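Below is one structure; the comments refer to it alone.
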């Protein structure tokens, strides 16, 4: 039977995870192993296109229900709320100023696509189905935390003129709503939805068969990226490092609760937990460079990539899955 | 051939403000620019990675050949708006050109 | 039954077309969605290798017939003739000088590989077979229009020395005959021909299964490229814009007539129409930079990429197919 | 260390004439060159795209360290042959080197 | 029945070889056909990941035997010994100084992954199985010849201080042991070993189906690279050129003998021969730039890429296979 | 704005010694550097290929803005250690900067 340990081990010996570890080791040993810039971008593009398209086809099979709507709403609200919690923890446990604390909290409110994709691969391994609209939920969780993060950080801005300039510059809005990640995700989702199963037969040889392989390459790069960030954690205080570990747990717990409440499948609950637990390192930082240039990304990035991302990939995902199943069976039987 | 001497404005900055700098260049009707993708290190830390994952660690470099007067204004605009919060440096060099008219501010 | 409308709609909701549209929208909304330079080149390389190889295998199955030879000859002649027609239209309807008119006409005489590939994907969707030698026809249509275009443009050269310097510089010849597009196309065709079905079993997992997926990525980029060119059309006069729409129709009609005369299959006729209707934006411009540097490519490129390419992809292909089938049945029954 | 001052010829041009410029460099026996892939904007319009689809919108930049006399001849050759029809600029800078012999025209 | 001629011809008309030839022709004709930098790196990465992973899975099926250990030991020893032979030939037949002779000999002691991969594809064509640990053998053959090559070259260093500075700088050791090629090969091997058949089912769609296609792209680039090096051979003396032809034969013969002695399968013997016959153009040159900067790589590289690599690919592999089979049947029957 | 003049050290070298040059830069506490991937030709032959297969044919270029004194020391270190065996050149240029303090040697 699937004890937590079994699940965790099975996860650790899956190719994507092992390639992630390989990448980390390579980075630590200062190997010259490197993923060419172009390939990195291509792989993200591929993952988003594939995951979006699959989700769209999935959606085209089920009809829009009330659950869907509540789910989408919940996702947006959760991601908007999380930064306030994160901010509280940081301010309580560290001496970080409002600006950087707000910036970090925005990262943790938002999501990491790769963690989500790893989650879907993990669920596949356990033949666990999930709702297609979870990809839409993911997309809806990218932007809101930026707003709450900014609201929190703004308190720290000394210059009045900076504090009172409009929260959303057109630049920020474009960054957030027309950003390429969202664009390719929603676009592929829509295309998958429109072309449905016929489209899937056309695309299966591209987004189906080689998917795990591409994911492995991508995880290899993530390992390299994460491994290189570890260095920078040296200078961080313990409280901040710890935050990188427990914040995902906090997020996941909320995600699981919410998921159970709105009646997602076990797979769906797991993915929502993963979304809440994961932290952004692409969309949010890019947005903050414009909306909050005073924030120091060399704190948030190493924390997200060096601590939280590996934690979720290596231990978090199986843990969240286990908890989701548990909660689910409780409800069922209860 | 007798040469004229004009200024080359050099701006090295984080990718995040590329559009902002382009905006300045267009606003001030600079006759042209040349753009490089570079990596580097400076006050704001190391920005020298080959991966694309972390766009905000990328650097770009602008070179703008213009007359001294416009050169000063471009540098001033960059310094005033971006030196505080962004990874950016700016400096001037002297270059000898052939046909000065090519490097006059655009009229349109 | 397949009315024109059905065919057109079926085309519009196929993944490649939808990704093209997605790309165009992204470009219009100034999204930072972008296809890394390397990937763009790789995708063209892949498409040419795949299409060339498939054509070669196809050829290896059928033996060389007289139709083949007449077909190849027709293709070369058609592409040589088309620029004269195009040139006439431009000079009559616009104030453009001889040089630029000649340059543009060369683009329209020549072909666009992607349009051709989209055409083959379209035919596959309709389970419509086509002759393998059509890829050879395509290759033979790349160069001749450059010659006729140059002949026309030369009239506009004021400096006598320029007008009378030899038409083909060695540089131009190399550009045209050893250009990488032709090289990879003919090369793969030959390899496919030599290795035949055995080669196909080796390559199927590469050029078969993921083909549509790669095409989608490529069409996404084409959408971005096309979308960005639209801007520049603003300054163009209506007559020129219109030319971008009706010239493909003129070309297609001639292609269909010729195709029916030389007895191609409905699929073959359609593809010949597509070749005549499509306009070059890689080989011809590159060649003209050397052979006719005075020509202003910032007129031809936006016209080809912003008007003609999208028109062929979105509406042209189904239209030409419909017409080809019609013509074919007429002949059959007649 | 005492330095010698020599010229740096800079040529920024559209990719289409790369081979032509290399030809000039070799013809004139320049001791060497350094080549950059760049993007930019100028009289001939914007040439600043990341896609490879449109090769003829790409720019390259040559830097050639040579003595003043050869520098003038290289620039002259480029200006005379390509300034009219192609996207290209050329200018000179002064640089201080250590071992002058390294930058003398090649003998072979 | 499989005469040597049949085998050789069958090899010559396989897609990878034909694409290699296509690349060479393109380079000779100065076509602008080019493989974008990023793609080149990606392809090597892919090949190494795929070949390593497959080998690992292979290993996971068989249990570690004594043959394995002797095989690994033999491989390391062979590659350490070969440079002394190569050095002897060069010094006897050419006027080359100790430094360059030592450098070249290091190249020939070491191995070329692509040649090895081409060999595995060749064996597949002949439904010939080989031992999974041959990939480990390959990895073990990369570094030792660098040591022997350095020992030989050192004699030529005039400056005493250079001659007596430690043979292994930490830099060199890192270069050799944490170099990305070794890292990805061993890493993928280990991952393949750990995940076994389950891992293979996940990865098959990535490293299985499209493998030959990727190899073709890679061979196309190798053809371009090799073709461009031919130029430089002009200035080389005949004895050196000849060395590029007979040295692989010498290496292969030793490889076959050793392979038969330690009881490898016909496929295994062939691959060991290929490893001994092939020469390095990535790992060794990179290492020598640091350990022996005085060496002139513009002698070794053209020789390895312009002569030995093509020779092995076009003629060597079938020849070695034929000899291996012959030797094997002799032993069997004897 | 009044300007200060400082030195720009330029080092163009084969990729193989990138880390060595970075080491010098850090050792000497240079305030920063900018790195380019370039191609080229010189005494040590042509190093101008687009393929990645042959890493040792790649060139990099360092630009380091520093005061004259440190500039001399950096160039000296490169020349002494690498000019004999490696493909590398080094030269100096003068640039005009705004805020000198930004280009003082690092203290830490």
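A, B, C, D, E and F label the chains in the order they appear, each numbered from 1.
Here is the rule we go by: a residue touches a chain if its C-beta (ideal position, glycine included) is under 8 Å from a C-beta of that chain, and two chains touch if they have at least 3 such contacts.
Bear in mind the structure is a predicted one, so any value in this text is a computation, not a measurement.
**Q** Can you give me the shortest step count from chain B to chain C, moving only between touching chains?
**A** 2
**Q** Just to be sure I understand the contacts, which chains border both chain F and chain D?
**A** Correct list: B.
**Q** As a test of understanding: of all chains, whose mean C-alpha position lies farthest from that of chain C?
**A** F
**Q** Expressed in ° and rounded to a multiple of 5, what is the rotation angle of the C-alpha superposition of chain B on chain F?
**A** Best-fit rotation on C-alpha atoms: 120 degrees.
**Q** Would you kindly say which chain has the C-alpha centre located farthest from the C-alpha centre of chain E?
**A** B
**Q** Whole-Å distance, chain D centre to chain E centre, using C-alpha means?
**A** Chain D and chain E have C-alpha centres separated by 40 Å.
**Q** For chain A and chain B, let me know how many angstrom lie between their CA-based centres, rounded off.
**A** 36
**Q** Round to the nearest whole Å and give the separation of the Cα centres of chain A and chain C.
**A** The computed centroid separation for chain A versus chain C comes out at 42 Å.
**Q** For chain D, jot down the residues that touch at least 2 other chains.
**A** 36, 52, 93
**Q** Give the residues of chain C that touch two or more other chains, as numbers and ranges in rising order.
**A** Expected reply: 34-39, 41, 209-210.
**Q** Graph of touching chains, which shape: line, ring, star, complete, other?
**A** other
**Q** Run through the chains and report each pair that touches.
**A** Contacting pairs: A-B, A-C, A-E, B-D, B-F, C-D, C-E, D-F, E-F.
**Q** Enumerate the contact residues on chain C facing chain A in the complex.
**A** Those residues of chain C that touch chain A are 13-15, 18-19, 22, 25-26, 29-39, 208-214, 216-217.
**Q** What residues of chain F sit close enough to touch chain D in their complex?
**A** Within the complex, chain F contacts chain D at residues 10, 12, 36, 38-43, 48, 59, 61, 72, 75-76, 79, 89-93.
**Q** Touching chain F in the complex: which residues of chain D?
**A** On the chain D side, the touching residues are 1, 3, 25, 31-36, 65, 93-98, 102.
**Q** Give every residue of chain A touching chain B within the complex, in rising order.
**A** It comes out as residues 34-38, 40-41, 44, 171, 221-222, 224-225, 228, 281-282, 285-286, 289-290, 293-294, 297-298, 301.
**Q** Can you list the chain F residues touching chain E in their complex?
**A** Touching chain E from chain F are residues 14, 16, 19, 45, 49-56, 85-86.
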